[in-house]
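Chain nomenclature is as follows: A, B, C and D, assigned in order of appearance, with residue numbering initiated at 1 for each chain independently.
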């Protein structure tokens, strides 16, 4: 059965800013969708904040194995009930990939239990990403390091819990470093944060960035065999007690 | 300078239930306070849900190095703004020790990013707690294992993120296991979850439980030297770029 | 391409002890091989200590994606050069699954950097294994817990580094607990330790034990795309320095 | 009782190379010892490879709470029995701080279970060290980042197991990054790896480097209350079994 990928975008930048469409003629959703299109292992849908239920209905989430999240300017506009729906689906096993400026989205903050703040500037710095755990399936096919000619600088300290696995560290010519690829799990769901993807820069055309996102979707995808209640429950004794 | 310990309780059980006062004549707050009293390394205050601002004013939290949290029946009654104040102080470095049924408190759920659910029953099972990381400062002075004659059974799967350090595992005669002592960090704050402490059972009289809580307060206590902003901020380039 | 599984056994118990053959008529190697046989995703070979080069030639290891290791009485008889060959192949990416009493094998001690000691007895205790990380691929298809009617007791403290992921905890009716399924990585290789498998007891006939071992082989199998030097090397500056 | 610090050096560079003595007139041992001298919380001794028993007798190690290790050119000259003595003392609780080029010492490789290789060059690059876990006691008193005007470049991928805690990441003007401060535990002992300290460069005069090493000694120091056997042992049933 193919992996059901849903890509969510706040759907603002590409509507209003020519420079995004210049870089990504199909918009960010289109650029990300093209990673999976034509591959029978995946089905892909794109939704956005302006869709009904903020694009995040229970019906759609039930049918989603992994959700990609790209947001930036409209974090505060995402309705709390939509955030709760995504949270609940992660608890029950839906995978989540948080991209770039999604670091300060409500859903990522809620899952991390921290503010997910960082230092930043937009000087089109060169970034070089070093793979730290090359044996992890998300890093399959990625060289020891690769370069992005220009990215928004995201610098430490990144206010996240220590990742379960730190997969990559970014170097910036501005003198900064960043934990650029991190995995977490929450409830029955797996979460992958990946830093590249400023809306005016070509990172989503980079072959390694695309491969990492594809690998990440494969790694984070829901285990359809895992269908188990989550919630405290009275549990009778498993052993007869010594009387 | 002594460590400023604040102990918070929902302050319901001991007011209304004789069996709590039979076990803990000074109430749960009193029992926990006695761990620190008379020791010049600590100052200790007790507060409760029925106090002004739910016992959790900014003034008090500013002056608290580590907060102990015991709640059970009134998780839903804790005002959201009080939870937010505690969360913000943990972000800025206040330590937090969540005891027993605090596992499903709003503050623990918010910091963990999960529901923190578990399996449970109240059959006064014997519990045996095995130390997994004996070199951790929280386990200083604790033998390889110790027994609690009776505890409420808390069983896996405990819905938490993988702890940064798993310090102890509990065995129950009912046939269950539990990760009974776990550390986490969030923001600049350190968090310790410790499972024993059912209100009608003598665990807080146990010398090892008391030592672990005291060690935990020492470990989690705020670093007063760490006074740093938390929050995303524009950061100019640290290096002059190659032009 | 199928995953190349090699199963190694010290090959002593089943030669000399009728009770092993009574439980496992094809021996332990045969019992483990039957997990993979008939499945086109895997090829499987069995070797033993009495084979040339202790069954662990470089040619075989080069062609092995994941090595299963079962040893008990003859840890000290495994030649150091064979241990070194296995170590080197793990460094370069070969997966390793260490079963049961392999916890004190030279190869596991060498990879862990500890003695891997534990507490034990053979009273045919009932064991109940609780899944701690149900979303991990090694736990796919496994219920929240399952029982083994009888196992050798392996108890904490198990002297290992904190596992990268703690997948399961065992409860024993004798009053003990054990971290029964643990993952690690070393060099480019992935390592999975799994506790069940006493030679006289039917654990390797248990459907869940078999599924976990199969899942483990899939998880640990070498990434054939990862072919990279491991070893310190002079590295010229990646950036032209500011002069 | 003061913490007993022992500082070990291969004692070669400063004997033979004028440029080391120019930077560190008391040698590297003297430079490191000066971090602790005059502080009643510590006693400090220095030993070297040319001393009897390679400077690492059981008597000395028994009386050592934390051992600092600086070696570079003579890793292969350290006798295996001395390495084994250090390993055994770490197992029993002695702390170990491995500095700079000690990354490829036999003792660090043995404790890590990997080769601990890395990429390197000596171009006197500027390094900037970012604190990742500012609440960790080893980072007490250290700013968000600090600079070393020149260091030997140590670059990723550093072939170590994922650290239990990643405390700092280094940025180099050459375009590289490195996990420059990492903690581990093995047996009952705590281990801290810290990258700065090339023998011809002034890092051990830097106030933050000195503070981190002092904090590290405090963190890693043996728990004198922890005196427990390490080694597999028959353990009778803790519970009477159901008969």
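In the analysis below, a residue touches a chain if its C-beta (ideal position, glycine included) is under 8 Å from a C-beta of that chain, and two chains touch if they have at least 3 such contacts.
If you're wondering where the values come from, they're calculated on a predicted model, not measured in any experiment.
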item: Labels of chains that are neighbours to subunit B and to subunit D; value: A, C
item: Label of the chain whose CA centroid is most distant from the centroid of subunit D; value: A
item: Intercentroid distance (Cα basis), subunit B paired with subunit A, Å; value: 31
item: Intercentroid distance (Cα basis), subunit D paired with subunit A, Å; value: 37
item: Junction residues of subunit B - those touching two or more other chains; value: 128, 133-134, 144, 155, 162, 164-165, 173, 175-176, 185, 238-239, 242
item: Subunit D residues within the subunit A interface of the complex; value: 128, 130-134, 144-145, 155-157, 162, 165-166, 169-173, 175-177, 179, 240, 242
item: Sites on subunit B touched by subunit A in the complex; value: 91, 104, 110-115, 117-121, 123, 125, 153, 155, 159, 161-162, 164, 173-176, 184-187, 230-239, 241-242
item: Partner subunit C, residues of subunit A touching it in the complex; value: 93, 128, 133-135, 137, 140-141, 144, 164-165, 173, 185, 188-190, 223, 225-226, 228, 238-239
